[in-house]
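After this come two complexes, each holding subunit A, first together with subunit B and then together with subunit C.
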Partner chain A sequence: MTGGYQAVLDAVTRVRGVRGAMLVAGDDGLVVAESLMEGVKGNAVAALAASLAKRFRRASEAAHCGQPRFLHLQASEGTLLAAPAPSGMLLVVVADADVNVGLARLEMLKAAEAVA
Partner chain B sequence: MSQTRAVEPWALEPLKRFVAESGARLALLTTPAGQVIAQHGFTRAVDVMSAAALGAAIAASTAEIVRLLEEPAFRALAHQGYEHGVFLSRFETPRGPMLALVVYGTDSSIGLVQLFFEELVRELVAACPAPAPPRPVLAADFERDLNDSLAALFGR
Partner chain C sequence: MADDVRAMSAELARDPASLVFLRLGEALRLRGQVEAAAKVALAGLEHHPNVADAHDLYARVLADAGDLDGAADEWNIALSLEPRHAGAHKGLGFVNFQRGDLDAALDHLELALAADPKDPAVVRALATVREAARQAAERPAAEGASGGAATGVFAGLEGAEDRLLLVDPRGRVLGGGLRTRKGDDVAEEVAAYLAGVSQEADRTARLLELGEWRWILAEGEAGHLHLSVPAAGTLLLLVRDRAVPSGRLAILAARAAEVARRWLQAQSL
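The block that comes next holds the complex of A and B.
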């Protein structure tokens, strides 16, 4: 992994409750860089999150809401966050259910700008 | 009418699940020689035969490059076009090596195809019966087998 991407991911994973962060090729759903806790299936999360983001983008466009900037999926035992980067990459975060979403969102949007 | 058909019945359900989950538009399971085991999305026999022959040829030539590189084996090849992507992979089953040729559109991705392809292989390996004992090839059997295969793949 390049040092630049690692630094970007480190800033996000420092947020309490974040289990891992990944940079994913938005169109391909493949992992570009990752910093994950053990037990998180990076390839599966990357492929499915990219697919989800693509569908949300279509839904958003169909609703005339423009491009999605941040996706927040609250599940029973965790949280999935995603922020599209201008470069076409997708920053994906897996976190605990009680993560501070506001702080994670702030760090993710900064990180997404950094990989533009 | 179902778009997924199989010459080998044990391959049908795993292929149906793979197509449903990965969003693949076309899928073809063959032997390395190009003999069709199952297909999804093809409507004409000539297209299946062409795709099977081309897939087998690509796998064979890629395997030769792999041999020159002294790699252990050819595993997978991906080609990304503007509207479609093509994924070709070789995998092992109790009946020997097989090939999968998958075509997907912009509503899927190589990541999704790879993810669910791993599950497809696991399910095929679990469902695949032990190899049948070899039997002599007779001209009459050959034609009957060919017709049976076409009927299974296209319902004709």
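The block that comes next holds the complex of A and C.
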């Protein structure tokens, strides 16, 4: 993992309630860098998150809503957030259900911009 | 008035970068000289692309000319530059009212009033839209009581035919509809892309031990998509302009989900 990617992930995981974060290659769903809690199957989550993001990108474009800038999956016991980076990568965050989504979103959008 | 216009025109000729174009454009607009006002606004925007008032002026000119989509775009730009811009919220309130989206109209007008509590035009507009919303809320009940012909899943809700879509997990449309601003029907296409989302969301939530997934929000460059599960085996998609806050989307989606559940129960009887 490069120091640059680590710094990007660290900025996001500092938000209270964020359990972990990873950078995923948007096209194939492979993990580029990760900072996840133990026991999480990073590769599987990356592939599914990338696939979800791709489906929503197509749906959003078909609905003339443009490309998604931010995705938020809310579940009963946790949250999955994703922000596509201009580079084509996808920043994925796993967080508690009651995480401050507004703050996490801001950090994620900044981090996504910073991913070269 | 004519003297004012002449004086402002002269000032702008001396200094093309002067902000006097804002007052000049508005004066021309009020005199009904829409083309001249448009030229002044566009020339001003070339010098001041990051001034929210300039986009607000051009938006009002476009609205006068009947170009509501263009006006909405300009007001959205104004809000991206100045999120509490009262004129932009007022304008978007008007546009959404014209489009029949009373919820969005109320959102914007309330924000306009918060930004400028003494604007009588906003107070009047709010009263008008609230009354329209009240009548709209009563309509489905009255139709139901009289055995009316309202058969759509979301009859009575804003966007019932063009921004609310009920689909099954295999991407087939069950009810509602989805159209672009230009009126193109994109329901089937969007439903097809959403096929399989439920299973993938299930698997993702299970892998991460997140419990049961409840909804997914996608913030797009021009609009937001909110997807939820109103009942087993169905997906509810709600599409709204990007100016609608995400918290508001969740409320609208919850209301639509309740309506969808009732409709699904009625279908199975």
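Assume the second predicted complex is superposed on the first by the 115 of 116 C-alpha atoms of A that agree within 3 Å, B and C clash if a C-alpha of one lies under 4 Å from a C-alpha of the other, contacts with A are read in each partner's own complex, and residues count from 1 in each chain.
Please note the rule applied: contacts are C-beta pairs under 8 Å (C-beta built on N, C-alpha and C of every residue); 3 or more make two chains touch, one makes a residue touch a chain.
Computed from a predicted structure; not experimentally measured.
When both complexes are superposed on subunit A, subunit B and subunit C sit side by side without a clash.
In the superposed pair of complexes, A:44 makes contact with subunit B and with subunit C alike. Residue by residue along subunit A, subunit B and subunit C are tallied for touches, and C comes out ahead. When the shared chain is aligned, no partner comes close enough to touch A:8: not subunit B, not subunit C. Of the two partner chains, subunit C is the only one touched by A:67; subunit B is not. By the touch criterion defined above, A:30 lies against subunit B but remains apart from subunit C after alignment on the C-alpha atoms of chain A.
Once the two complexes are laid over each other on the shared chain, residue contacts for A:56 go to subunit C alone; subunit B is not touched.
Of the two partner chains placed by superposition, A:22 touches none, neither subunit B nor subunit C. Within the superposed three-chain model, A:77 lies in touch with subunit C and out of touch with subunit B [touch as defined at top].
Figure legend note: subunit B and subunit C, brought together by superposition on chain A, show a least Cα distance of 9 Å.
Shared contact residues of subunit A with subunit B and subunit C: 44, 48, 51.
Listing the residues of subunit A that touch subunit B in their complex gives 24-25, 27-30, 43-44, 46-48, 50-51, 54.
On the side of subunit C, the complex with subunit A involves touching residues 178, 180-181, 186, 189-190, 193-194, 196-197, 200-201, 203-205, 207-225, 237, 239, 242, 246.
Of all residues in subunit B, only 80, 107-112, 114-115 touch subunit A in the complex they form. Across the complex, subunit A meets subunit C through its residues 40-41, 44-45, 48-49, 51-52, 55-56, 58-60, 62-80, 94, 97.
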